Amino acid sequence: MTNYQPKDSSKSPRFCGIRTFMRLEQIKTTDHVDFVVVGVPFDTAASNRTGQRYAPQHIRNFSVLLRPYNPDMDINVFDYCSGVDYGDIDVIPGNIHRTYDNIVAELTPILDKGIVPIIIGGDHSISLGNLRAFHKKYGAVSLVHFDSHSDTWNDYYGERYMHGTPFRRAVEEGLIDPRHSIQIGLRGPLYSAQDYEDARELGFEVVPMKEVRKIGFDQVMKRIHERVENRPVFVSYDIDFVDPAYAPGTGTPEVGGPTSFEALEYVRGLDGLNIVGFDLVEVLPTYDANEITAVLASSVIYEMITLTALKKRRELQQKAEVLNQQQ
Amino acid sequence: MTNYQPKDSSKSPRFCGIRTFMRLEQIKTTDHVDFVVVGVPFDTAASNRTGQRYAPQHIRNFSVLLRPYNPDMDINVFDYCSGVDYGDIDVIPGNIHRTYDNIVAELTPILDKGIVPIIIGGDHSISLGNLRAFHKKYGAVSLVHFDSHSDTWNDYYGERYMHGTPFRRAVEEGLIDPRHSIQIGLRGPLYSAQDYEDARELGFEVVPMKEVRKIGFDQVMKRIHERVENRPVFVSYDIDFVDPAYAPGTGTPEVGGPTSFEALEYVRGLDGLNIVGFDLVEVLPTYDANEITAVLASSVIYEMITLTALKKRRELQQKAEVLNQQQ
Amino acid sequence: MTNYQPKDSSKSPRFCGIRTFMRLEQIKTTDHVDFVVVGVPFDTAASNRTGQRYAPQHIRNFSVLLRPYNPDMDINVFDYCSGVDYGDIDVIPGNIHRTYDNIVAELTPILDKGIVPIIIGGDHSISLGNLRAFHKKYGAVSLVHFDSHSDTWNDYYGERYMHGTPFRRAVEEGLIDPRHSIQIGLRGPLYSAQDYEDARELGFEVVPMKEVRKIGFDQVMKRIHERVENRPVFVSYDIDFVDPAYAPGTGTPEVGGPTSFEALEYVRGLDGLNIVGFDLVEVLPTYDANEITAVLASSVIYEMITLTALKKRRELQQKAEVLNQQQ
Amino acid sequence: MTNYQPKDSSKSPRFCGIRTFMRLEQIKTTDHVDFVVVGVPFDTAASNRTGQRYAPQHIRNFSVLLRPYNPDMDINVFDYCSGVDYGDIDVIPGNIHRTYDNIVAELTPILDKGIVPIIIGGDHSISLGNLRAFHKKYGAVSLVHFDSHSDTWNDYYGERYMHGTPFRRAVEEGLIDPRHSIQIGLRGPLYSAQDYEDARELGFEVVPMKEVRKIGFDQVMKRIHERVENRPVFVSYDIDFVDPAYAPGTGTPEVGGPTSFEALEYVRGLDGLNIVGFDLVEVLPTYDANEITAVLASSVIYEMITLTALKKRRELQQKAEVLNQQQ
Amino acid sequence: MTNYQPKDSSKSPRFCGIRTFMRLEQIKTTDHVDFVVVGVPFDTAASNRTGQRYAPQHIRNFSVLLRPYNPDMDINVFDYCSGVDYGDIDVIPGNIHRTYDNIVAELTPILDKGIVPIIIGGDHSISLGNLRAFHKKYGAVSLVHFDSHSDTWNDYYGERYMHGTPFRRAVEEGLIDPRHSIQIGLRGPLYSAQDYEDARELGFEVVPMKEVRKIGFDQVMKRIHERVENRPVFVSYDIDFVDPAYAPGTGTPEVGGPTSFEALEYVRGLDGLNIVGFDLVEVLPTYDANEITAVLASSVIYEMITLTALKKRRELQQKAEVLNQQQ
Amino acid sequence: MTNYQPKDSSKSPRFCGIRTFMRLEQIKTTDHVDFVVVGVPFDTAASNRTGQRYAPQHIRNFSVLLRPYNPDMDINVFDYCSGVDYGDIDVIPGNIHRTYDNIVAELTPILDKGIVPIIIGGDHSISLGNLRAFHKKYGAVSLVHFDSHSDTWNDYYGERYMHGTPFRRAVEEGLIDPRHSIQIGLRGPLYSAQDYEDARELGFEVVPMKEVRKIGFDQVMKRIHERVENRPVFVSYDIDFVDPAYAPGTGTPEVGGPTSFEALEYVRGLDGLNIVGFDLVEVLPTYDANEITAVLASSVIYEMITLTALKKRRELQQKAEVLNQQQ
């Protein structure tokens, strides 16, 4: 059986070769893989700075530094799972609807095989395309959403498909079940006092950063787990969730966010959930002069891969236990 | 009579105050003005790098250095004309058709008063919107087009309104008269040998950079004047016409282009034509680390303003002569 | 009655138009306004890096992202106050005394109308000019001063008007009442052990960063409020108060400072004071590659505007109560 | 028969997908290919700035802009040849001798099949490894060397294998035939008057930039062709041959060099020679803020590919003529 | 007696003059000095990004901001010690063994006089050279090692002298006594679960970042002091110990590290140890756009100088006490 | 006899050691030297961008690349002259008059010994200080002035000592003899048609860039030599003389200037004049992202040193001839 894993950087220098995520093989396959990393370089729907189309490559460039063993979660990722860099989905700059169609078309065969896609945006509008594909496989999924913005506005200048509207559209289209969905980290000036209420009226649980600071990490994670339960869940991680000091390369930065350590802890804390897919969006290379946003984004994706490996290990252990009990 | 002119930088330091083009007043008026500088920060139609939406402000930031007397053309610009910074036209990111509608709606009252608009893009797709507005006033205009690309492709990934297609669309819509239009400076790898021929088959005279180098500046200018004659002409200047050493801040740079000196000479050489409007497009601030593209773009626009002043002076002289002869 | 407020970014994209602070109208008026944002681009008095003259425009460029409702303080700012971007005061580079005269001349009509000026520097020397103007209106004011330096040195190389001396001069000139003034956040290597004592001998209460960490945020705020009481107070905020990771764009950075969250909390904590004016100084755009200093500075100013709105709301409520009681 | 060619950028946006040179397939094959692009990211031997290890990826990142038809040479490259991105050769940072061994081992099977390798450095020391491999296949080759330095010094601080010594070593090892080799473009301050003489004494024809300017382009090309005749020739192109305004991203820049137009013309002028391989070295991404060095380097490599296609076309035409004559 | 101290920046502006560390005299002397700052600009052994050769100058450039009195430790450094900028040790790029020889040769006369060298790298491989020199003077020293990596790997691609291997080599060569040595701050993905165990098996006490967060600063310092006791100790500080938000300019950044405040506290907490030398390594200027890594590195070195002054003061006090008791 | 010359970069890597100009010794001596390189980091008088205070160090940083033999002029510079890096003159930021006093005080002993100072600015205002010192030694000198601006304005905002006024002041103070002085390269928009005339009325010969292009290099040099004759001449070189593509790092860039090759040729062409001193001003590091302005400025200064060596050689040859004839 093929087990795809990264090139060994103690054998070949990490700065050698075509940049794929974590030096995984670049191959468009759904055979023998547990996860795929796939880019969606779409940035037409950004309302402020643009250029997120270069994020997948920017993150890949740095990700060659990653190594297979995660000491924080005590697991060698590739002992339990196999993965590839699936390349990018062809987007249509300027045409969000054709782009959504491509996303759905490309993700469907991946999801059909039960593979976990880890999707690199692109601006946050791509999540609507992602969720359409997940809905086809899993029905209305739960959403765990890390962001400094709710992204449930109705429209911008009359346009309904923008990077600030995907989750309102997703609720309207029945793609997510808001009663089991939760948004964490919201902060910064708003258009009106109503903005957070709008998200709540759509059905979301909303934990603004102000509340995160008050109740603390453990309570936040408890609320996430209680909200989601054991449903299939999609995790959407907007890099502007993190403070601009740690993630300057983004389009609508908001000060007062988590540190890089916290940024990873929130992902690690999701262990145990039934996560069927992830996206990491809104990285903007042109505001990442020292590449630390790429460092952080790589690390966040690495924790997403780790979650996939941990889930795989749990499944193997459960099977082993069942087998054991049968004997 | 009001005569709008820049703030005097020997009285008030040029780094003081809100950045408007050349320190002109920022006022949306069509009264008592001969030209307006107006931005169209649209970049949805870029096929490679994006971020041209920040070009108008980037160019304004540097333009405060400009002074009123042009020694190369021997004219104090504001002795003969009055102008304002008209601000930006509200674009709709992601929606080119609504953006075109806004461009037409905003330019129409300016053109109706016979004012010369100097339009700062944005990507090159905006020229189609500009030409629609000019057509309403002047019918099919002549086009003088400086660029390293022909921008007469039919479509990209099935999309017909992109920054590489405006002049094919303009011919199809009857907005320009290709028999009196000319493209200068084309170079760089192409999709096929047919690319230049396509432009010629549309009716354009095409002078690739290779030919520019062979025949020289004087011949190029002669061919422009012969082609255009005394028709109303629109000048479209893509900053990638210039060599990347002089204009690095652009989305699809092509090496082997003119110097900054030549870049201005081609504008100065247009003196005598009946120019009714200009655009300057494809400046990309995120690739302009030292701001020299802003320096050059400001200078190109300054020469456009100068052409407007020279035309005004000619008209005044003609009137004076007529008056003289009548006496 | 005119109520000046920002352009609506859900109607017009925030990257459209001339950059004014928060997309407020750029108009030099003292009618119908509660606050004005005004730049003082002076940097002659910087002892290390220079270029603070570009700070006002740099901060304006980013500030277009700000929205009117402040969820942390639960107020829609423009429900209670009206404000404009007043432009910049003409400074005289190289001549600090003539610059001071201009500052006083320009601020006086603003202060005479009881308007709260929010002044963007420039280096910290401008505070002396600001305080001279405030003194004319309010007599000796209290000072709340956030900074990593005391700025009470006597001179540099024999020069008495530098960015490290304004508050000694202000005490000498009787512009501030040091017994009701306080300095917070001082840190970093000093010329001698005497440096902090000098500030205390001038009459200031000094809370170095080391003490801030020991006593904690609540105690710091308590001491500020106790020190200032209900006197008219001027708030001077040097961006180097904040840690360089969060505010790299400054001239004399000192590590070990507050985070961006804390940076805002210290402003929010001033609610209730009788603040008559603010300045935000020492932003240096040439060391702000990813623009996060602009993000933070915009947010700090936004909290200053919020304080003004909160004060306005309190006044309205008090009036209403009085009216109520009279009935 | 397989014909490897770039992805079509009018079908899939050029910013989509893993960055390979010119969007060619990344496959390590010697079947059905006429040329391969291969990186050698070695920079241990740089005497001044270092970081050339990132050049192959930096150049690939931009090269996605290239299109298949070369209007200057009137050929659609992929009508006549097939090529792939071969990836990078594993270098051993810090160990030049093991790196040379790897280069030879990797190039040998490519050369054995008569394929033209286009090698992207890395610092100039890699040319010695390249030439060792070529020597195995072709014996002592001719060298056409574009550079602002002769790179025939004996040693630096006692080290004989540095980026300023490869061509002395190559002559000593008998890898090149200096009597049919030529160096073009040398300039800048030297250690002594003897430096150019040293190169001549080794047998090279040396055409310093000063002489290039005197005799002109046509004479330079004439001398190259006369020197090389129809021998197998290796072309080594150091990007610092070009003026720093056009190629800032390099380690030992020397002012007073050719323009980007001339930089390409010197490659185009080699058409007709029996070129068996190329290298393009000394690109340094950390000094290429606006990426124009990547633009130029991509274009130079594109002209190298074009030369390979032109040679292929000549061969086909010759075969056709022979066939014709036989009939 | 000569007492070398920095130029007075209240007399001469800090931006005047050749950049030496902290404006100390640049003189290669071992007379009348208690510490020397010396650069070792070697970067051949970096496995990822390179360019650390420019770190000594980069840090010197900023260090001119430092002032003599340290308020956190309440000491005027130059009241108790004298120091110079010793310049750089001539390294041999590409030849680590000759470089090690030079390091030993240059440090020996400094150590022989009991002077404390503060060494600025360069990549971390230089520590092996440093330790060889210290061993000659002090025998096997204790090591206090702040880093996000253990740097006890055996080899990279078969190379045993790389920046990830110095401390394994040092143990093998008997240069340090691992039973009295400790590593703090390790984190980030590893090659295998064995990596930390390897360091422990070599004899080191290892405190990964995860444990640092659990036990807290005081416990960490307690363990350091207990481990080291009163032995001669060498402090090796890799700047990647600190979080990339605070120290972006480094070659193998790992998120989740200490803040700038903590970064200094760990050095301050070493007061009382018998420190005989320091190095500060892995600063990489090309990823330090806003120079905040230089700010932090300067501050860390300043605390190292302070420790030397504190030790000197203790010695003087002890002598005084002895003298007192004798009377 | 001491002969100061640069460290040998084939022995010690050029990136080692404190950065002095060309790796010359940093020593403030007037003994045994023919030229000194000295910085004047003053930028208070800049009317647009500021930060020229960092130019001397920025240029020194790159200048370590220079080597002693100049092939264009065929001379090993240090065979004929000895020089040192004299460090910087202490300027007083914000106080131009005290700065002028310092300049005069520092240059006087250098000039008294007949040494040629090569002065690195700083903004162009420093030339007035320089000329005051030269006048004390040589009386009214000739001026050869390369610049895109005349710098003979009367004042800015009422300030008479700015970087645009030094040469009017110098004429008024009788420091230069305008009848034997010449300005070359002027271009760009002006305040009025009178600007060049003003310079001519002061007595200068003015050769704007437009005329330079018309008459050509040889004629320009001929006019310089005819104008100056054999008088003592001071050469003032403003880096904005050169096109921004070649010298982006400056405060008031003007497009349409000379190339880097021409930039050097104009200096080389001065050979034969009786040059007693030079300045090179207006380099602005914060706009020199890739450091090519530093490369060019270093090269210009290198040609200035060469001119000094050539003059020295001529003098030696004349002495030898005289001696010969006497025998």
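As written, the chains take the letters A, B, C, D, E and F, and residue 1 is the first residue of each chain.
In the analysis below, a contact is a pair of C-beta atoms (placed from the backbone, for glycine too) under 8 Å apart; a residue touches a chain by one contact, two chains touch by 3 or more.
Small disclaimer: the values here were computed from a predicted structure and weren't measured.
Asker: Kindly list the shared contact partners of chain A and chain B, in label order.
Answerer: Touching chain A as well as chain B, we find C, D.
Asker: Going by the touch criterion at the top, tell me which pair is linked by more C-beta contacts: A-E or A-D.
Answerer: A-E
Asker: When chain D meets its copy chain F, do both sides use mostly the same residue numbers (more than half shared) or mostly different ones?
Answerer: Comparing the two copies, chain D and chain F contact each other through largely different residue numbers, since under half are shared.
Asker: Give the label of the chain whose average Cα location is farthest from that of chain D.
Answerer: Following the centroid criterion, the farthest chain would be C.
Asker: Which whole number of Å gives the spacing of the CA centres of chain A and chain F?
Answerer: Between these chains, centre-to-centre, one finds 57 Å.
Asker: Nearest whole angstrom, what separates the Cα centre of chain D from the Cα centre of chain E?
Answerer: 42
Asker: Taking each chain's centre as the mean of its CA atoms, how far is chain B from chain F in angstrom?
Answerer: Result: the chain centres lie 39 Å from each other.
Asker: For chain C, jot down the residues that touch at least 2 other chains.
Answerer: 11-13, 15, 47, 49, 53-54, 90, 92-93, 157, 243, 245, 289-290
Asker: Could you draw the chains as nodes, link the ones that touch, and say if you get a line, ring, star, complete or other?
Answerer: If you draw each chain as a dot and join those that touch, the picture is no line, ring, star or complete graph.
Asker: When you check every pair of chains, which ones turn out to touch?
Answerer: Every touching chain pair, ordered by label, is A-B, A-C, A-D, A-E, B-C, B-D, B-F, C-E, C-F, D-E, D-F, E-F.
Asker: Taking the complex as given, what residues does chain A use to touch chain C?
Answerer: 47-49, 153, 155-157, 187-193, 195-196, 208, 210, 213, 243-245, 248-249, 252-257, 287-290
Asker: Using the touch rule from the top, collect the residues of chain F that touch chain C in their complex.
Answerer: Checking each residue of chain F against chain C gives 43-47, 49-51, 53-54, 90, 92-96, 98, 157-159, 161-162, 286.
Asker: Along chain D, where are the residues that touch chain A in the complex?
Answerer: Touching chain A from chain D are residues 11-13, 15-20, 26, 39, 41, 53-54, 57, 60-61, 85, 87-93.
Asker: Spell out the part of chain C that touches chain A in their complex, as residue ranges.
Answerer: Residues of chain C touching chain A: 9-15, 65-72, 74, 76, 243, 245-246, 259-261, 263-264, 289-292, 295-296, 299, 302.
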